[in-house]
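Both of the next two complexes hold subunit A, though its partner changes from subunit B to subunit C.
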Partner chain A sequence: MTILRPTFLRLRAMSLRILPGHAWGKVRALGPTAQGLGLVLAVLAVVGPVLPVAIFVLLILFMIYATWAYSINLITGMTGYVSFGHVVFVGTGGYALGYGVKVWNIAPFAGVALGGVLGAVLALVIGVVTLRLRGAYFAIATLVTPLAAFYIVSGTPALGDGSGLPMNLGFQIGSQYYTIWALLAAEVALTWWVTRGRLGLGIRALREDEDAARAVGISVSRVKLILYILSGGFAGAAGAVFAWYVSGVFPDSFNLLFSLTMLAMIIIGGMGTVLGPMLGAVIVLIPHQILIRILPQGEPIAIGVSVILIALFLPGGIVGTIRQYVPDARRYFE
Partner chain B sequence: MAEVGTVVASLVYGVLLGFVFAAIAHGLNLIWGVTKVVNAAHGEFIMLGAYGAYFLNLAWGLDPLLASVVDAGLGLAVGVVFYFAFLYRELRGKDEIGLQSELVTLVATFGLSLVLVNVGIIAWKGDPRGLRYNPGNIVLGGLSVPLGGVYVGLASLGIIAISHVFLSRTYLGNAIRAYSQDIAAAKLMGVNPTSVAAIATGIGFAMTMAGGAFLTVYLRAGITPFVGLTYAPISFVIVVLGGRGKMWGSLVGGVTIGVLLDVLQVFVPVEIAYAAAFLVVIPVLALAPEGILR
Partner chain C sequence: MTARLAAKGIVKRFGGVTALDDVSLALDQGTVLGLIGPNGSGKTTLLNVLSGTMRPTSGGVFLDGQRIDRLPGYRVVRAGVAKTHQIPKPFPGLTVRENVLVAATFGGRAPMREGADLPEQVERILRLVELEPRAHAFASALTVQEKKRLEFGRALATGARFLLLDETFAGLSPDEVRNSVEVFQRVQAEVGFGAVVVEHVMRAVLSLAQRVLVLEEGRAIAEGTPQEVVRDPGVIEAYLGSEATNVAP
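Then we have the complex of A and B:
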């Protein structure tokens, strides 16, 4: 620590010279969590292209997963409404890109935008009907949507029946990398922003006791719906990037196991936190890349066991548990 | 336009399938209705019941009807263990089961479902396995109905009838219903909340796994570790349709979904029929959240 400190100070002095004084003050006011996440994102943006291709490609996948984790965090983490069927937005975004690219010949960027818009619209349609339901009823109502979507796309000739829409877009990893980076950065910033101030307090009140929150004048329905629409939009856009990444979209994009992975990431990381989804994405994805070659089922079993133990014994996930037991660390784990 | 005969045949098949669906959903309904929390791993216990029937058939040539008895016995034990492992910590000492408990158990049992699916893949591979059971057909007024379907349909009906008698005529059954209506009042009447909830969960699991054995007759594509991912949502839809905690609701919901699936297939592609059977839950939840039964 004593050795590290002068270096750290010198780095800070350097950054003081780079940024004008008042800007540095603003960055410092963000707090350590936002600074840390901002630093991670900045490093990702700068060092990405110089990394070996294998790692670069893996980072794209990581950022797709992280975007999904932040997306489900916006609704399930923030409000406690378990969205079991979140994969419906992923599949919808993927099919939007696949259809747009194949039939209308649009650029993949436009496909990603289309995926995001369709995801948000679908979330609006589902949310208007189902967000009035609480607890398990909401979980069930959202659970059936990807199953229905799976059967609908499997039976629609324009969407390739059961065989999906394979695409031939070439090797565009650079564009994919910065598209998903931008999405992730926007989503992290949004997540950070909605946990602050009046809105953040309102959301926290809504999660603890919805009736009480309504009684003190928080427009509960509107907050839930807006969060759900944003969540669906980001999941759809990231789903489109995923379809671009794997050069195709198939009915299996609506596989429920995907939903479960998304949910596992925020449960492990810590629901409703700013840092949790990022930690969860790292913890879920890194072993995945190692274990997939040795024992493909080992990882989901490990995830399942961790989810059970965390749900029963440490319901706050990693971030929530640290906040609970180490009050001094709260500044660093938001 | 489809012939009337085809529609009638689908109606008969749909009702028989609906009975089996009802038996499977009945287990979920009982647990959900009594403990007020949902078992998200419900489908995986259907899957275990189906594999139980498959292995009993392979080893001793038992038909699904006999296998269901063994499955039910296993289910009773597994259910009690499940209660103490997953629900007890969250439910003990509480007179009101709040949303927080619902969330915790939903998430924990969802973890269990992830574990069980993948253990199933390791143990039995992903390839579908068929079960040899074909007692022939019966001709009813020019309509040939497979006897296997008739037997399991009637057995499912029997299970639901027995559970109804049990819940309304026995002391333990009354205690379970009392607990499901008002935990505090049930405790004051001398009901031990833990043992009543544990037994109800065990009975729910027994019905779920027996239903899984019955379902093998209808799994023409074979049993895979993934069957739970289709039939759990169907069970959820059925319970919501019939109304949580209403014991005849499972039957009404099951037959509705069975008939919907089979009759729609006469008019639209099979995929659309399945999509409709899943989506029907959303208008029901929006318009009649307590189910279609009064």
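Then we have the complex of A and C:
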């Protein structure tokens, strides 16, 4: 932390000149994690267009992954309910955009919005039924949903039967970049907000013991459902951006490996934290980029092994472990 | 006007088993009703019905005349009826103070309100249940007795006018029971809540309760003052047996 501090101070001095006094006071009150994430997002927004295209394109993928990580964090990280079938929202969002663009000729932006809405609605439907189940039962119940979705889209002519919906939208990386940036920024802000204050305390209590939370007046079912709906909405919207990014959507969008990747990102980064999903996305995506070139089959193995190692030796993920062993650094890692 | 908690004609069936058969009770705020009976007589089921954890098959629960048995559990708490668990369920990863704060924040009529009195209220509860020195400890680090007091404090912090205490004194040593009874009586005198106390520790229930309801196989077989109840031949036969000679004054 001592290495980081001078940088913080210098940035602080810079910001003092940019922002009026009272606004700077508010920024300072946010704390280091929110400031750091805000800074990362600001840098991404500003420097994106001047970067080489190869890196720019990679950053889009990174932000899609990060949006998925924050999405699963909203339900699994916050409440402890392992959303094993989370990829169902990704695929649904992708198909929403694909169908909207191909059949209704809507703009990709509108497709992303549609993907988000459908993801949220689907989460509402699945959540009303499955959030009554606890622990492994919830995980298994949600696990079934992408499998069902896979067979549904594979057998629906309007959705391209088994061959999916390829699109020809051209090279719209600028729009993709800022769309996913806005989604990610909104989601990070939301995550930060729900971990704060009274609501954050209530959510922590719910994660610790659901029955006791209900016994002190927390509307447990409603809180879980709202988090799940938000989670499904963001996963759907990011899934739509992904379909836009790869110019098509295919039944393989419901591949469970995506669910595992999302879970891996928050397990590695730190579940239920504000910073963890971002770190997890970076850590999962870098080997992904390397392995996909040299050993594509190696990725599930690499993810599996690293999740097992983290779960065994660093159960709090990166953020949780640092908080536990370096109490002084606690305020930097929320 | 003092508040009143009443249950009328409660029947609860689980499949073919009738756990509660036409049980009624009523108590005013500020009074303690003891609920006793052999194992499996329906005491815990009755508490679960009163707390909104279970819905009765028929009959109703009323708080100040308002029906509460159709409300979800958290709404019953906010209306003013809070339950403590037989095995304490603190939030282990939260500190003692945070445990109480959660209850004070969400348990009231206006949850998540920005009340400036909230921290004061939390301190008051911690003082009442004698957990002030442990305020910053994680709840997982507490002893059994402390966990029970935290459970009690958390129910108090919801601002409930009626507490439902499920075997609060079970599993404690005689000294701890005496101490906990003292704490309970002192807090009750100060806060003035009403309570339904399910208890196996006879001395505790007889010294706390103004009235006692005796259940056997889901039916209320006797109700009265502790003195009346322990002399009731039916009760002696059903439940107290030879112990009655020890506790009767």
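The rule is simple: the second predicted complex is superposed on the first by the 321 of 334 C-alpha atoms of A that agree within 3 Å, B and C clash if a C-alpha of one lies under 4 Å from a C-alpha of the other, contacts with A are read in each partner's own complex, and residues count from 1 in each chain.
FYI, contacts are C-beta pairs under 8 Å (C-beta built on N, C-alpha and C of every residue); 3 or more make two chains touch, one makes a residue touch a chain.
Remember, it's a predicted structure, so these values are computed and weren't measured experimentally.
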In the superposed arrangement, which partner chain does A:217 touch: subunit B (first), subunit C (second), both, or neither? second
For A:205 in the superposed arrangement: first (subunit B), second (subunit C), both or neither? second
Is A:82 touching the first partner subunit B, the second partner subunit C, both, or neither of them? first
Is A:136 in contact with subunit B, with subunit C, with both, or with neither (first, second, both, neither)? first
Once the shared chain is lined up, is A:152 touching subunit B (first), subunit C (second), both, or neither of them? first
Between subunit C and subunit B, which one touches more residues of subunit A when both complexes sit on the common chain A? B
If you stack the two complexes on chain A, which partner ends up touching A:61: first (subunit B), second (subunit C), both, or neither? neither
Does any part of subunit A touch subunit B in one structure and subunit C in the other, and if so which residues? none
Could you list, by residue number, the parts of subunit C that touch subunit A in their complex? 51, 72-75, 77-78, 82-83, 85, 89-94, 98, 101-103, 105-108, 111-112, 154-155, 157-158
Help me check something: in the complex, which residues belonging to subunit A touch subunit C? 198-199, 201-202, 204-205, 208-209, 211-221
Residue numbers on subunit A that touch subunit B, as the complex places them: 80, 82, 84, 126, 129-130, 132-137, 139-141, 143-145, 147-149, 151-152, 154-155, 256-257, 260, 263-264, 267, 295, 297, 300-301, 303-308, 311-312, 315
Quick check: in the complex, which residue numbers of subunit B touch subunit A? 32, 37-38, 40, 86, 89-90, 99, 102-108, 110-119, 121-122, 229-230, 233, 236-237, 240, 269-272, 274-276, 278-279, 281-283, 285-286, 289
